[in-house]
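See below for the structure under consideration.
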Amino acid sequence: MFRHDQHLQFHAKPEKPDALFAMKLQEILGGQFGEMTVMMQYLWQGWTCRVPGKYKDMIMDIGTEEIGHVEMLTTMLARLLEGAPAETTEKAVAANPVLAAVIGGMNPQHAIVGGGGPLPRDSQGVPWNASYIVASGNLLADFRSNVAAEAQSRLQTSRVMGMTDDPGVKEMLRFNLARDTYHQQQWLLGIEQLIADGYVEHGIENSNGDQENADHNHTFWSFGTDSRACEGRWAQGPSLIGGPDLDCLAEPVALTDDTPLPPPPDPKLFVTYDGSQGPGKPGNAAGAHQQGLTNVVKKVKDALE
Amino acid sequence: MFRHDQHLQFHAKPEKPDALFAMKLQEILGGQFGEMTVMMQYLWQGWTCRVPGKYKDMIMDIGTEEIGHVEMLTTMLARLLEGAPAETTEKAVAANPVLAAVIGGMNPQHAIVGGGGPLPRDSQGVPWNASYIVASGNLLADFRSNVAAEAQSRLQTSRVMGMTDDPGVKEMLRFNLARDTYHQQQWLLGIEQLIADGYVEHGIENSNGDQENADHNHTFWSFGTDSRACEGRWAQGPSLIGGPDLDCLAEPVALTDDTPLPPPPDPKLFVTYDGSQGPGKPGNAAGAHQQGLTNVVKKVKDALE
Amino acid sequence: MFRHDQHLQFHAKPEKPDALFAMKLQEILGGQFGEMTVMMQYLWQGWTCRVPGKYKDMIMDIGTEEIGHVEMLTTMLARLLEGAPAETTEKAVAANPVLAAVIGGMNPQHAIVGGGGPLPRDSQGVPWNASYIVASGNLLADFRSNVAAEAQSRLQTSRVMGMTDDPGVKEMLRFNLARDTYHQQQWLLGIEQLIADGYVEHGIENSNGDQENADHNHTFWSFGTDSRACEGRWAQGPSLIGGPDLDCLAEPVALTDDTPLPPPPDPKLFVTYDGSQGPGKPGNAAGAHQQGLTNVVKKVKDALE
Amino acid sequence: MFRHDQHLQFHAKPEKPDALFAMKLQEILGGQFGEMTVMMQYLWQGWTCRVPGKYKDMIMDIGTEEIGHVEMLTTMLARLLEGAPAETTEKAVAANPVLAAVIGGMNPQHAIVGGGGPLPRDSQGVPWNASYIVASGNLLADFRSNVAAEAQSRLQTSRVMGMTDDPGVKEMLRFNLARDTYHQQQWLLGIEQLIADGYVEHGIENSNGDQENADHNHTFWSFGTDSRACEGRWAQGPSLIGGPDLDCLAEPVALTDDTPLPPPPDPKLFVTYDGSQGPGKPGNAAGAHQQGLTNVVKKVKDALE
Amino acid sequence: MFRHDQHLQFHAKPEKPDALFAMKLQEILGGQFGEMTVMMQYLWQGWTCRVPGKYKDMIMDIGTEEIGHVEMLTTMLARLLEGAPAETTEKAVAANPVLAAVIGGMNPQHAIVGGGGPLPRDSQGVPWNASYIVASGNLLADFRSNVAAEAQSRLQTSRVMGMTDDPGVKEMLRFNLARDTYHQQQWLLGIEQLIADGYVEHGIENSNGDQENADHNHTFWSFGTDSRACEGRWAQGPSLIGGPDLDCLAEPVALTDDTPLPPPPDPKLFVTYDGSQGPGKPGNAAGAHQQGLTNVVKKVKDALE
Amino acid sequence: MFRHDQHLQFHAKPEKPDALFAMKLQEILGGQFGEMTVMMQYLWQGWTCRVPGKYKDMIMDIGTEEIGHVEMLTTMLARLLEGAPAETTEKAVAANPVLAAVIGGMNPQHAIVGGGGPLPRDSQGVPWNASYIVASGNLLADFRSNVAAEAQSRLQTSRVMGMTDDPGVKEMLRFNLARDTYHQQQWLLGIEQLIADGYVEHGIENSNGDQENADHNHTFWSFGTDSRACEGRWAQGPSLIGGPDLDCLAEPVALTDDTPLPPPPDPKLFVTYDGSQGPGKPGNAAGAHQQGLTNVVKKVKDALE
């Protein structure tokens, strides 16, 4: 259950409106790595976290903070949009020709849809969607996604900051930058904590590790002409998970002579076919699929007796 | 420019068809963290990489490898779909009642749209889209995204592997697991290499670092009742970037008494308003916006003289 | 079955072209509340309406009218786009520097994709999609959605109208405003008619009303510090559906001491877990799920005997 | 700024797991009218509300409540998914053939992506997106959208409730039904309050009302053969906004002889054209568009002098 | 303007309900090549067609027919969904265990969202969207798209028909097949008519044909090892547009020694860069971009004098 | 498996940067008919092609070529974006007022998201998605889609070319035009080859041709008032597939007196209904659906004996 404190976590007051910049600022609110993304990603990870105590609480805490960041951004945007041109181009041009440039660049949905308010969309007007986020239940994999989200988010904030001189906007963005710096650390240290607490061995996701094909977990394959990729650390030196040193396959050859030819098609699907692999296999209960369920009828019988 | 070698990089032959499993396997082909995602993400990062030599070549090499992984998955899927039921439910049920279960679970688009072939979609039929990927030009931020993608991708592969007993499928997935293990290392070592080569100081994205609000880059804010989050390493001990130790704000108070109230609206937008902040500012050239472009007319004049 | 009358329902002739305004006008054609939305929503509701006679006919009638509104908008847009700049920026600038502003603001897809014609997209270029609409078969719920769609659509039309001075465009929009006014009434009166005809008791959707938890259907919960929400009519006075008066819960406390902790995870899914809730429950046929299908095997046996 | 109370607002404990029902329950969490929609819609409307006091506080309060409803649903889903089959079909079938049906119907992303947890998606796996919501700043139009969302949401909850017999699930859904009943009233009474407080005259959105074409705001147009739609209240009796009584146009004729023919195309766009309307108008600065910016150059000159 | 005839164009009566088949049938209503696609594509092309008379009328006529096809499909779906299981799995299983299979395969949105009615979505629940359609104004290019849409649509109809034995459903689908056969011809003959009427020279879209690089418009490039593609008609024999015979480039070499290295980045964007191409070019008014607008200030001055 | 040649297939060097044009050029990279679409469509068709030899190799060859075209476009875009304005509007305006126009029109994601690089999106910022492509396994239907894609793609390239005067850009686009001309032929000749090789009879998709309703496969239906569509070749003359001549139905009458009325609804779905068709049929195992599975229980029994 949540509660709302009527004050903003931090200032969100521009010195003056700027509708053109507002359009750009939408990116770090409703874009792929905007505040909506981290808010939803952390809340979702928190709700599905199976480790009560410091881990679950930490994720819920930051998720709750991020709702407040969305609140700061929406407030800032509404203020940047104050008095934004919503009249005819001609009128605007009459009073100030150069203003036409701003009118051209503005997002008209800020007026038509939002009534002078922010939109849950990115800087190009694409609505936020939940395929931006992940909550897998595996804290190592999710903390990796969280470090990435904070790094990209910080980078975009930094780029957006260069597009304004407004001291009020910059003050808020300096706060945001700082939180993104801290949050990157928070997730990296979360991984260290997972190791310290014995949840994972190291920082590499390796579930079903005993089943992986160990011949192919330490080799860089180089597919380009004159590639110099083998010079990098990733192609030499000790592995991060023990075992053989990393190496480089400079002239890779396919590990099989198999070609990507699908099997003969079901005639009922009218797929073009020359018959070279024999008659197509119709998808019926007497066909190939039955093999995948061999003895099921027998098992039903057995179960009933 | 690319070339195609007609052989698959690795085997992609199931022992027998399994249309129900094919539906699930779509996730690691066309899902958020499927092979299409890493293929497109790496190619895109490679094409936009500004550091020729080992970095650019490495990214292009792995991008090229991943096209081949998409090829392996599509081939495997077409083979798993061989002879999949494409007839009426009643007929299938007549020959083998339990088969109806499989028919219920299958993805009908495999037959109707794909003609017994794979789809560029996830396991729920959502088409792959480019907002799954990122290519920012900043190698640190992008390598972080790449580690995350490989970790999530490996985890999903591991989960999917538990849903089949087919030795042919498992053999391919064991290869995929190994590549995902190696590729996680590749990107982590890429970050180490960036540090060694002097491109970045440490693994924290900190562009415009001198501008960030240093008061807020080392503190965990705890917003939950009885939260135990302050017990974690992320809330104590040395920072990863120097400066003050990390600390914990257990009873956070808003840093401002500002509330999220937008300014008075433009009357032409018909937003509900009580007038308490004074008259709404109409969005015209003589209005508030003009302040944001103070002296522009003068500047045009000056520029012309 | 439908027929086409070659005349437009109403005039759709701008006095002169205006490509910048055309971009904005797209919102009320292909946006969330554009003409495509009401056209598709009403047709769909009409086709699925189970009450023949005045209800079904009314919905089909307005759905058919709306196809004609889409026709009016597409025609208006094509005319607004006449002679829109499709040449190089430099050439346009050479002849008329301020025109560059318009070129900046235009939607290039109008030229590249539409050939100087309208697009089935909103003012930001997002394609129309069917998740904007609803047709539930429940006329009360759907008429509520229809009132909302007409109100939002009218508001957006009104905002867009303020962005043009073209008398031809304004004449058409004045017609659209009038239809939106009438259509709001049409749906509200449709609800009154549903009550008069005995299909519903009142305007509140209350299916399975006898099962709802009557303790919680008349109380406002206030979650904000210093919230003044309890002063409103929604938190006091008689309920619209009878029963206890509305009241206000100013200091709400959770109704349970349950916390959002998920159960122990299936070990095969590699979810991070500390074992504190006992061993994870593997998702197999002998596991927890079997309980959900208790005695099914027995029932199969019984059914067969 | 927000805070998190570690207790759920209400119970969310199923008696036993049910992965097949979990798939269906996703609809009222991540669907068009799920809890994510109302949570985001109300928060967004609250942040952009310009009327401080009871209106803004009320919207923020319910937005905050809805975050907690998302929390309840995610918790319920994780519990319903406990021990859900994540093994091979064959193994499940071996132990209990009928279980195969459930496996067929389950959402595999619950295991592969969510690790046995909920997804921010609907019952068909479509990710939630922000085009489900609206926040226009106009409280009348938005409250109409909110009544509709609550009515549809309640209806869907009611339908989903019929698909389970689990007493724990039903207990939670009975609470949800009650809240949806109350919330419908809350928004309807919100409209009454807007009228009482003088923000609007009546419940019909009528911005720019003086500009609408009064000839067409009270007439039903009937486009169907043998339509009986004129029998309804919407086609007779007093208007809700005063003025002439409603009436019915049973044999509608187009109000214009205009046909939807676009103007001659720009030759540079290679649109098929027979020249019948004269030469195509090229989109250049000397062409038709210049008319739309008549005298702009002159105005620049004037402004500078 | 449109009118509605209350009769269906053709029968849409299944002999008996079949909810599992209804899920599949959604593909040819709301999928990529479903009836919604052709309806919207043709209406849109009709409204934007610049050639009055037989071309424009033909497109509008078929667009109008297709609205009626959507009507037939929605009606058929509602009838197939009659009495579809909307109760608990356990109850269904109690009465008829095998029915569980059908319940697993059904689309739950048919009940929860559609109330037993059709959905504007494909067979996997993805909402229809307008990026499935095209209306370019160029009749040759659009008729090509229309032939393709009818061919794919007919193929999918044919595949779906194999999934039912219901004589009522098959009767309707036989009608649909016939229309798709005719409509393929209609568009191919439309292209012949365009040639006969002199709108195009041949069936190849060749706008700006005089500008294309004639060295590269007749050669097949073969990028695969051991490719046999040069054996086909596409790699030999006369061109369809005159000029040199087609030929085959079996061992293609890049036409340039350029590599895909982007230029030095703007330092304000924090892109990783080694400086090897000289200092990054900052994106300011004094920088590189100014070159693209050379003399604009001068032109403004000239225009004003 | 694929390999990368470090050289571009063709030049991709603009003479000078042009960020405004870069925004437009995105359409033919990441739009509906951009290079990403043909790349993915051909690779997917190649992987699922069942006819080894010249057909499969041809499709794989062109798919591989198209990856290289995406590479050319991304490189061109990064170069066009060199030094694009990423500073404040005010600063840009200070140095060059008209530059503000360009800043208004630029895509801010090029800077914020792409770091001065291309985006996998169209010219309006909509991310590329896989529902743009098709791979049905039926070569005739797919080659039809491919002709259409090349025709639309060529048309858009031609339109975009008119928007630039940059000789470097134009040189690349002239190459692209030529390839699109050739590729249209390639697919049309592919259809001729399919006929010559006996895979299809003619160019009309006619699977299940013996089942189609032959009464309706040669008639144009005209639904418009005063339609002149019957004058076209599509409504007269010989059919392309033999049989009766094409004809025209100028005054079409519905072929049935059926109206689109759905059956009585399941009472548990709370659909509005007047009972006129008798009691609603509840969706239970004893209800209507059982008819669709007549004798299934008996069949299970038989199968087990």
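Note that the chains are named A, B, C, D, E and F in the order they appear, and that numbering of residues resets to 1 at the start of each chain.
Quick note on the criterion: contacts are C-beta pairs under 8 Å (C-beta built on N, C-alpha and C of every residue); 3 or more make two chains touch, one makes a residue touch a chain.
Only a predicted model underlies this, so the values are computations on that prediction, with no experimental measurement involved.
Among the remaining chains, those touching chain A as well as chain B are C, D, E, F.
Listing every chain that touches chain E and chain F alike gives A, B, C, D.
Two chain pairs, B-E and A-E, are weighed by contacting C-beta pairs, with B-E ahead.
Annotation: 28 Å between the Cα-based centres of chain B and chain C.
Separation between the centroids of chain C and chain D, computed from CA atoms only, is 3 Å.
Separation between the centroids of chain A and chain D, computed from CA atoms only, is 25 Å.
Of all residues in chain A, those that touch two or more other chains are 1-9, 18, 32, 47-48, 55, 60-61, 64, 71, 74-75, 78, 86-87, 90-91, 93-94, 96-98, 100-106, 111, 113, 115-117, 121, 124-127, 129, 131, 134, 136-138, 140, 155-156, 158-159, 162, 207-208, 223-224, 227, 254, 259-262, 264-265, 268-271, 292-293, 296-297, 300, 303-304.
Chain E contributes residues 18, 20-21, 23-24, 27-28, 31-32, 98, 100-106, 122-126, 156, 159-160, 162-165, 223-227, 252, 254, 259-262, 264-265, 269-274, 276-277, 297, 300-301, 304 to its touches with chain B in the complex. Those residues of chain E that touch chain D in the complex are listed here as 1-6, 46-52, 55-56, 86-91, 93, 97, 100-101, 103-109, 111-113, 115, 121, 124-127, 136-140, 194, 199-200, 207-208, 300, 303-304.
Within the complex formed with chain D, the residues of chain A that make contact are 1-9, 30, 36, 40, 43-44, 47-48, 60-61, 63-64, 67-68, 70-71, 74-75, 78, 90, 93-94, 96-97, 113-118, 120-121, 127-131, 133-138, 292-293, 296, 299-300, 303.
Considering their complex, residues 155, 158-159, 162, 268-270 of chain C touch chain B.
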